[in-house]
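Chains: A, B, C and D, in written order; residue numbering restarts at 1 for each.
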Amino acid sequence: MTRKLTYVQAFNEAVRQEMAANDDVFCAGEDIGAFGGVFQSYAGLQAEFGKRRVVDTPISEQAIIGLGVGAAVTGLRPIVDIMFMDFICVAFDQIVNQAAKLKYMFGGAATIPLTITTGGGGGLSAAAQHSQSLEALLCHIPGLKVVHPSNPYDMKGLMTACIRENNPTIMIKHKRLLGMSGEVPEEPYEIPLGTANVLRVGKDVTVIGWGRMVNEALTAAELLAADGIDVEVIDPRTLQPLDSATIIESVKKTNRAVIVHEAVRFGGLGAEVAAQIQEEAFDYLDAPVGRIAAPFSPVPFSPVLEAHYLPSVDDIVAGIRAAVARPGA
Amino acid sequence: MELSTDVQMDLHRRMVRIRLFEEAAGRLAEAAKLPGFLHLYVGQEAVASGVCATLSDDDQITSTHRGHGHLVAKGGQFNEMMAELMGKATGYCKGRGGSMHISNLDVGMLGANGIVGAGAPIAVGAGFANKYSDNGNVAAAFFGDGSTNIGAFHEAANMACALKLPVLFICENNEYGEFTARRDTMAITDIVDRAAGYGMPGVIVDGMDVVAVHEAAVEAAARARRGEGPSLIEAKTYRFYNHHGVQNLGLKYRTDDEVAVWKERDPIFTFEHRLIEAGTASRADFDAIWAELRDDIETAIQFAEDSPLPDPAAVLADVYTLMTPAEGASV
Amino acid sequence: MTRKLTYVQAFNEAVRQEMAANDDVFCAGEDIGAFGGVFQSYAGLQAEFGKRRVVDTPISEQAIIGLGVGAAVTGLRPIVDIMFMDFICVAFDQIVNQAAKLKYMFGGAATIPLTITTGGGGGLSAAAQHSQSLEALLCHIPGLKVVHPSNPYDMKGLMTACIRENNPTIMIKHKRLLGMSGEVPEEPYEIPLGTANVLRVGKDVTVIGWGRMVNEALTAAELLAADGIDVEVIDPRTLQPLDSATIIESVKKTNRAVIVHEAVRFGGLGAEVAAQIQEEAFDYLDAPVGRIAAPFSPVPFSPVLEAHYLPSVDDIVAGIRAAVARPGA
Amino acid sequence: MELSTDVQMDLHRRMVRIRLFEEAAGRLAEAAKLPGFLHLYVGQEAVASGVCATLSDDDQITSTHRGHGHLVAKGGQFNEMMAELMGKATGYCKGRGGSMHISNLDVGMLGANGIVGAGAPIAVGAGFANKYSDNGNVAAAFFGDGSTNIGAFHEAANMACALKLPVLFICENNEYGEFTARRDTMAITDIVDRAAGYGMPGVIVDGMDVVAVHEAAVEAAARARRGEGPSLIEAKTYRFYNHHGVQNLGLKYRTDDEVAVWKERDPIFTFEHRLIEAGTASRADFDAIWAELRDDIETAIQFAEDSPLPDPAAVLADVYTLMTPAEGASV
């Protein structure tokens, strides 16, 4: 039986259900207890499960991740929160050199069922240190898995999968999607990590996007449909491991691809997707793989600057038009 | 230490300037006229004022997410500050930084900072430059009680002591980090207990008493200028509004009684009372000051509202000093 | 007048000459004083310039970078050392959220003439936390410049340019090249940041590589020359900003491209280079842009594993052969 | 505390096992038979031995780049350890970790660590799990004097105290970080001065006296098991060889006199002397122990040399638990 939940409520429900089902699951982070977290992701959990299982921590991101790594390697299933994605930089060693590598360095002996949750993305005039989309940094690190849902249904299914996953996963919540509402089943369910979702079937061009941007891409697709441009929209949902097969298959059908993300274009994950597409579908491509992304600058504060900085539906429409404009083979 | 009337009136003026700027910012935020986050300094005015009154424009400070008060106290101007909070081209950061990154190098304010604890290592760098250039300047790092739990604070404190740098570590202990009580995040009561672990003197002062803060800062700054190294000052204080924004959103992480007790000790009104008692100034003098500064604030709001927005096309300006063609290629 | 210097001696000479020329230049880092740094990069400098200008620091990478940022924004030209590149993760916030963004957040008012030096790369059985090539993480951050020399001549010219540069730059020394010897002019000289170097002119395929790998690529090129395959080899030298123009121009001539780097393939800088090539030279490409890089794993300790893990001359030869094997247009 | 003969002989045996393993590793390294870096523990044996003798396999420890001694003391076996140092498939880490990442979860050793300070937060996590599961186990973090200047140490110490976790912080103060003297990197003399800043008890012990270390560890562990929270133990000790490798490379960062004075206080020989004086054991007893363990080392070297190398084709194994096809796509 399903009903409408917001993106953040879906997150919260996944955590609550997994905590109810398994005492090994606990949460730790800044202000997540009585307050429920600055995004209310953890609202009500301390009231329901007590201070033993929902822990307010000091402002110590390195120790927060370390707490998760140490508790995971000794048998628990920690969910630790890094309030804003920008703050992963403060705990980067524990994420990149410890959580991601422990299992390998120990010759496989360690298992790290750790979930790191964080809020990413721009659009709130939160400026350069509270608005970044840093998924590319994490996806380049062997040992990590990275998830970034674009809607409430995916959020619950992916968060449930993260908590049940036996590797360190980073769940990126998009701050601008927290209030997004959608149908979500009551019972627990998993969306397997590494499976992309074809949100819209089309034949003219494949658009790959994630987080808030894939929703903008859907809007762009509807606009273009009016002009007879039939866009296929793919949301990888899991960014590491990336479901390349679904993407390649689609591009082999449409012969054109455009990638959309909020992170800066240079060195963004879009580069990897574009590189893989031209490697795997070279003979099928009728146009270069396009990338719609932020320019090479920190995220500006002023709304007029940020609105210009973040990819918009118009930018996506223009990018898709450019891709389909080229004469086919 | 006997403070001259000029110094006392200067301390008072700095506090009133902060209070008026913050109250105005709060009103504008509630009227949805300010984008982004807003962390108000109301209640803590005595700390920034007491410290900055012993610093010149050549001395540097680093700040936090709660940075307007520090910039005002260091000599920041209302017009450019209000314009920055509104994201206008005439703001100190040309609308690129906003409240959490407000700064003005001309008065030695090296920036508010959105990353808890990140300012202290930068203050250490400024202190290093002062010692390196033997210019007699000091750098002061402002930070909250919660930020002393983060690694950057620890590394900065130890480095400043190891290299014997002219740095003042100013902890504003308002007993909360966001919505969590300090006592839940550390097993000690006084941040000053951390000073001995670095080998620097530490002193606790009443952060609601601008004179007490000032006297401690004067001593610490003199010590630093004499080449005797860093000091830690813990000012016990309180923020009157919510962690960000104004209202407490009905959050009960602080009791009304607790808030009321601290508001009783308002750093400005208690100081005015003392000065009147001592015959240093009259109610009328203060009313004139408030009126004058209120006008400045109104002017600043007008200035900010009339100011142009930044040019979106120039969003890439200021990323690098002297862009090279090759850099363009990165865009 | 030139004579032979090693890669690390060239680094050392650049620092010495700039320090002699400008009192604003100073160095700080772990064990760089009396000891001269674990790679001897700073050998003799404290003896020559004293403890005021060559500073041994505590083991505090965040404060080391902060020291550099604060000293740079107040007018000095700091050179701060992070011993191994893997340790940038410990100071990642100061590098990514402070050094890189300060100027922008301040509306351009700040100038940060900061040079961060570090030792990167594998091949020493130093295992997962002392062997990484993390350039892709840094190149994705607006505000930073990233340099990675492949020989002594470039090292001196690029290091000199870094010290004179008015933006935060990261100079990556490759640990396996420290002893590489080559002709280096005595007098100071600059190699402008952002200018690639065509190390070998060829007409059949363009190979882009950096650090130790570009030297391996040159060896591969000579081997293939015997089979009549004429390889053009390009060393970007500066990875951010990237001299895309030189790369694109070359590919438009050769119609084929292969990228070689030591970092893991997924999300590596090679993805960005490949993405740009197919964007800018789509109609010229006779084959997909190839990527030779490390597999998706932490760097293993055992020499047999690491030798297999790191791209080899054979891997590069095979990758180039694959690229030229495809029939042209 | 009166230590039984069994306990004293156990302490001695742990130290000798470390000494012999490290001396052998040093010889092999000088014979170029060990790849990578090697950080020898010789001289500090009393610390790991004194602490680990009060821990069971269910208690956890985190270690540093200088980790062999900790693993041996915690019960690590020579064969698998020597094989790991040689990068063989039969090593504890199947040749993937080597000296700097040697570990064995079966005996609660959560890994040597190549990142200074990074072990402490992980020990805090293990301590959290112990408290969460109410299993009565404790986690001990070993770290050097130099590592107490890094942020991770600070955050770990504060977090453990704030959450009152069963964690032992064991600082091995050997007065140097690599080639730099401790006094040049901090303004304090005793690391224990940092304990008060977190609200935990701190005690200095003679790190060359295994009994002193053991008694302090027994007390701290008992306290932690009683639910009274963390403790800091600073053991004053010294490493007899170079920071890495064996020779001092003719480096003069330590005077020969200083090294000689400390070698006088060799933790093993002084302890043997005391036990003989006390009539607890005879020279012959000790000779037998050394001989027995020497044989074990020779056996381990043989085992390691005879062991197969890891299969290069399997380099991607062990990156993730349960690889999924999609993950393959990332390769």
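Points worth noting:
Everything below uses one rule, namely that a residue touches a chain if its C-beta (ideal position, glycine included) is under 8 Å from a C-beta of that chain, and two chains touch if they have at least 3 such contacts.
Computed from a predicted model, the values in this text were never measured in an experiment.
Simply put, of C-D and A-D, more C-beta pairs touch at A-D.
With centres set at the average Cα position, the gap from chain A to chain C is 30 Å. Chain B and chain D have CA centres that are 44 Å apart. If each chain is reduced to the centroid of its CA atoms, chain C and chain D end up 36 Å from each other. Centre-to-centre, using mean CA coordinates, chain A is 39 Å away from chain D. The residues of chain C that reach two or more other chains are 57-58, 60-62, 86-87, 89-90, 93, 97, 104-105, 127-129, 142-143, 240, 242, 266, 296-298, 300, listed in rising order.
Listed for chain D are residues 93, 95-97, 101, 113-115, 149-152, 155, 158-159, 162, 184-186, 319, 330, each touching two or more other chains. Shown here, the protein chains touch in all possible pairs. Residue ranges of chain D in contact with chain C, taken from their complex: 35-37, 87-88, 93, 95-98, 100-101, 113-117, 146-147, 149-152, 177-180, 184-186, 251, 253, 309-310, 312-313, 315-316, 319, 330-331. Every residue of chain C that touches chain B in the complex is listed here, in rising order: 26, 28, 52, 55, 57-58, 60-76, 78, 93-94, 97-98, 102-112, 142-143, 145, 166-167, 192-195, 238, 240-245.
Note for the complex: chain A touches chain B at residues 30-31, 33-35, 38, 56-62, 86-87, 89-90, 124-130, 265-266, 295-298, 300-305, 307-309. By the touch rule above, chain C contacts chain A in their complex via residues 86-87, 89-90, 92-93, 95-97, 100-101, 104-105, 127-129, 136-137, 139-140, 142-143, 240, 242, 263-264, 266-272, 274-275, 278-280, 282, 285, 287-291, 296-298, 300.
If you check the complex, the residues on chain D that touch chain A are 60, 62, 91-97, 101, 103-105, 110-111, 113-115, 118, 120-130, 132-133, 139, 151-152, 155-156, 158-159, 162-163, 317-322, 324-330.
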